[in-house]
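This report refers to the structure that appears directly beneath it.
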Amino acid sequence: MTKKAFIKITLKEEVLDPQGKAVLSVLKSSGYNNVKDVRVGKYIEIDMDEGKSASLKDEAEDISEKVLSNPLIEEFSIEIK
Amino acid sequence: MTKKAFIKITLKEEVLDPQGKAVLSVLKSSGYNNVKDVRVGKYIEIDMDEGKSASLKDEAEDISEKVLSNPLIEEFSIEIK
Amino acid sequence: MNKTEKPSGKLFGLAIDEYEKISELLGREPDDFELGIFSAMWSEHCSYKSSKVYLETLPTKGGKVLIGPGENAGVVDFGDGDALVFKMESHNHPSFIEPFQGSATGVGGIMRDIFTMGARPVANLNSLRFGSFSHHRTPYYLSEVVKGIGFYGNCMGVPTVGGEVVFDECYNDNILVNAFTIGIAKKDGIFLSSECEIGNTVVYVGSATGMDGIHGATMASEEFDLKKNKKRSTVQVGDPFTEKLLLEACLEAMKKKLIVSIQDMGAAGLTSSSFEMADKSEKGMIIDLDAIPLRTFGMTPVEMMLSESQERMLIACEREKFELLKAVFDKWGLNCVNAGEVIKEKVIKFYYKSKIYKTLDIDTVVNGPEYKRPVKKPDYLKEIMPVKINNYKIPENLNDIAVKIVTHPNIASKRTVFTQYDYTIGTATVVPPGFSAAVLRVSGNYEEENKNKSKNDSKGFLLNVNGNSKYAYLDPFTGGMLAVVECARNITACGGSPAALTDCLNFASPEDPEIMWQFAEVVKGIKSAAINLNTPVISGNVSFYNETAKKEGDKTYVSKIYPTPVIGMLGFIKDIGKIITPYFKEEGDEIYLLGEVKGNLGGSLYMDLAYGNFRQKPADLDLDYEVRLQNCLRSLIDKGFLKSAADVSEGGIFTALAESAITNPEKTLGFVVDYDIKGRRIDEFLFSEFEQAFIVTAGKELSGSQGSIAAEILTEYGIKLEKIGMVKKDIMKINSIINLKSGKIKKGYYSVI
Amino acid sequence: MNNKNIKAGIIVFPGSNCDFDVYRVLNEVFDASASFIWHKDKIKDLKKYDFVVIPGGFSYGDYLRSGALAARSPVMELVKDYALDGGIVLGICNGFQILLETGLLEGVMLTNNSLKFECKDVYLKTLNFDTPFTCAIKRDSVLKMPIAHHDGNYFATGGIINDLNKKVGVIFKYCDKEGNITDKSNPNGSMHNIAGISNKTNNVMGLMPHPERSSEKILGSEDGGYIFRSIIKYIKEK
């Protein structure tokens, strides 16, 4: 059976986010005055076979840590459905 | 009060995802054999003042449609917390 | 497919009588599959049905031409066994719909045209046109298009070395993105789409087929209509990473002699590649639709045939070599499937679900209609008269106007554009973007075993793209001619010799007789300039229907672009060490005017900015004189007499001087010019455009001992050289009328865009 | 100049595109013996090479994060072993990004602060002349080289920066023509104007500018050549 892992990758708080800053300034100049801050991250969906793997969660964790994110600047969270 | 809008932006199903394709091939050759497919999207957090806006959800919707996503190739979903 | 659409005038881009012709040829009404194929192949985009009769009149042979139009790109002899392959193509409509992906896939498409020929792409250029600089959508289009071009070219590792960016309100509703690529090959290593042999395996390589761009080919041939929004779901997404792999895999397979014939899948994807390859080779094909790698589940046969998914190729290979071919594509991680066979009978037999699905006669499909559409000289031209300058009072402050001109978005530096392109990769860019023409050397060593290395390191080539739609609107013949001439001037000004050209002809609907008249005139202009300058047309592209139905209140109207011929030109130089650049070099150098100044302000930017009216007839061009002038300049450069040379283009002599002073990368220079204008108005001297003249500088050479040799050259060609001033630091002065500070001008020039 | 006995290995990933340029410059301009190593080549180690270059380009399309996918390639395990063994490794542009993602160098590249790809000439000041990459560079000289990248905005935590400074691991900084390290001369927002760093033992270096594109006069600068000259000198004197 196939399951899906949904992975959110976000920049750590102390890391500067030039993209987010750029979006923020666009939003402000477009009149969205309620907006206070913007942070841009990644959202990754992985289709996985439940098949042989001991734990999908562990595998997704491993992938997120070793490939998808850079632990120096990013954090991730995983949801399996 | 400040609230947060969490926005997921994903490519429409029929649209080619070159990033996802490249990640998939690397995951496979790194021995993650359970992985069947990968799609890469964006995850955006917006801090918003509840202040004057009639509905935060509406404003986030508006922003997602007009600024953050490209409706020709992308879809989005919003959560407010 | 909804048959009730039929009476509405057009069906899938086909006119009613075209539909009827198809029914007649088939002996019945076409089904969906056939209709899809015919509508793609008979579209303007694939069939050139309105433009063919004119394009056939262009000079395509002679000089260094090895292969003219007809293949994926044209080929020119570069000496020492080397060949250069180039072409320009439009991607206007897709870029208007989705500027990032549209421009990116445009660049990807033109590069495939080049490497299918067996050439490694070594440089890209582009010609971009956006709506008026102040239009609210313009910044969006500019930024996305430039990002898209950079995204694709940079990732491919092909330097983008030049181009042009023009803003004009005639492009508010139809932007233009024309992309040019040149590649280098061995003369005996050129691959064609016309050489497949009976029994060859038909091979599909590259990305899987998805729903991208379905009906793209027919879309490109239809006027934009605000209501046809549903066509917007067919955006093609570019994947330059995959194309880089495809490039390496194709070149490797070619080197290993595993390919007999090859054609890229561009507009109308599998349809045009299979029919064209079979037709040009005078063979037929079996195409097994079950073999096509699909990205989207459940695609129908007609969808597979019309998909414009990018990064795919069709190859014919010897049956016994298929496994070797597959091994190459496997190494690069790409699909490579046996998708059919070349057969004798000139038909394409489609298999689907393991059964024969359809058989289509190749001649019938390929030999679509050809039109000599009605032409009519446009009414507006009646009002376009030579400028009566004495009806216009000279503005009090010409300094202000001068500043306005050099800081006009169409003149100002495009640095923020081209610094987003990697122009140094390849270690071949000798003169980068920002000056008249890009100059490249042959860095040669493209393959590990030095196989492709040229025997000659000192030679170089020059590249340039140009078009002037305002002039083409005011006088289509002159506009066509001028585009060619300006390219040649830019190349000559660096010391190069123009060799061959490619064109991209962007127009509104050919069904409008006035547009068709403009088209005919433009082609005539290109033809006469190309013949005189001996620069044959080796490839090109026509983009019609650059118009959009608009609604304003309850009025509807059609927003049409000006006729926009864009020329891309290649020039050669034997000794790259002799190249000069257009900017001033040293304080104290002498400034000369080489050529003649007529002083016609018709159609100039000056008329537009000073009086709000540019609708006058531009000056004529004397092609005979032009050839002598350019030959003369080239001789002077070759002798090493000159330090800089700049042509007098938009913005006139003032702009040529100002740009020469401020574009020196190391310092800010200026000039003092004192010139007897012989009773002419000063504004005619300063601002008249596209004069048959160059601003050149020299050290003491020209007045010193070498002066007599220079004088001989001038006499030989019958060209006048007059000293007009001197290079200075920091100030710009002309006849005590213009008095400006270089620093201020420089700042403006580099910060507008 | 005969350096034919000096063997360089150039690692090629899918999407590498400065591989030919490095190859050509090493072989033709510096007369060394450079050859390609395809990332999937079945080799045990890199011992036969005097030095290894990870060239620039768009390995794996720069998809996900520049350098991230190439860093997971098995050949990078060989590069790690080679480097830990004291081998000389030079990463240029994307090669630098790959070294960061592999962990051979510390820190990370963020998107340029302009959010744009930047192609232009920059000036560099050398901070440590005592490395295999800089030993032939003239003191007090300012080097002119082109950059061409989208993600060259170097970022590291305070601890890493301290460490780099202590071990003189910051090799190059962006500066102006006169050698002043200013905000204006920083082309991408890089922390402390950092353009190139090395590991603690100074045998692995990454830099964003392209020395291979500035090793010949006709291309407007020969300054990049000093890096290759240094490596060759270092190897010869060893």
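All chains are identified by letter, namely A, B, C and D, in their written order; residue positions are counted from 1 within each chain.
Throughout what follows, contacts are C-beta pairs under 8 Å (C-beta built on N, C-alpha and C of every residue); 3 or more make two chains touch, one makes a residue touch a chain.
Because the structure is predicted, anything quoted here is derived from the model rather than measured.
Chemist: How many links in the shortest chain of touching chains run from chain A to chain C?
Modeler: 2
Chemist: Tell me which has more C-beta contacts between its two chains, B-D or C-D.
Modeler: Spelling it out, more C-beta pairs touch across C-D than across the other pair.
Chemist: Would you mind pulling out the distance in Å between where the CA atoms of chain B average out and where those of chain C do?
Modeler: Each chain's C-alpha centroid was found; their separation is 37 Å.
Chemist: Quick one: chain A and chain B, Cα centre-to-centre, how many Å?
Modeler: Taking the average C-alpha coordinate of chain A and of chain B, the gap between them is 9 Å.
Chemist: Using the touch definition from the top, which residues of chain D touch two or more other chains?
Modeler: Within chain D, residues 60-61, 63-64, 69, 72 contact more than one other chain.
Chemist: What positions in chain B touch 2 or more of the other chains?
Modeler: Residues 18, 22-23, 26, 30, 40 of chain B each touch two or more of the other chains.
Chemist: Taking each residue of chain C in turn, which ones touch at least two of the other chains?
Modeler: 239, 241-242, 333, in rising order.
Chemist: Write out all the pairs of touching chains, ordered by chain label.
Modeler: Touching chain pairs, listed by label, come out as A-B, A-D, B-C, B-D, C-D.
Chemist: Show me the residue ranges of chain B that touch chain A in the complex, using the header's touch definition.
Modeler: Listed in rising order, the residues of chain B that touch chain A are 2, 8-10, 23, 26-27, 30, 32-53, 56, 59, 62-63, 66-68.
Chemist: Give every residue of chain C touching chain D within the complex, in rising order.
Modeler: 147, 150, 154-157, 239-242, 244-245, 331-333, 418-427, 429-430, 441, 443-446, 448, 576-577
Chemist: Would you mind writing out the residues of chain D in touch with chain C in their complex?
Modeler: 14-15, 17-18, 20-21, 23-25, 27-28, 35-36, 40, 57-58, 60-63, 116-120, 146, 148, 150, 210, 212-213, 216, 218-219
Chemist: Given the complex with chain D, which residues does chain A contribute to the contact?
Modeler: Within the complex, chain A contacts chain D at residues 15-16, 18-19, 22, 42, 66-68, 70, 72-73.
Chemist: Which positions of chain B touch chain D when the two form their complex?
Modeler: Chain B residues touching chain D: 18-19, 22-23, 26, 29-30, 40.
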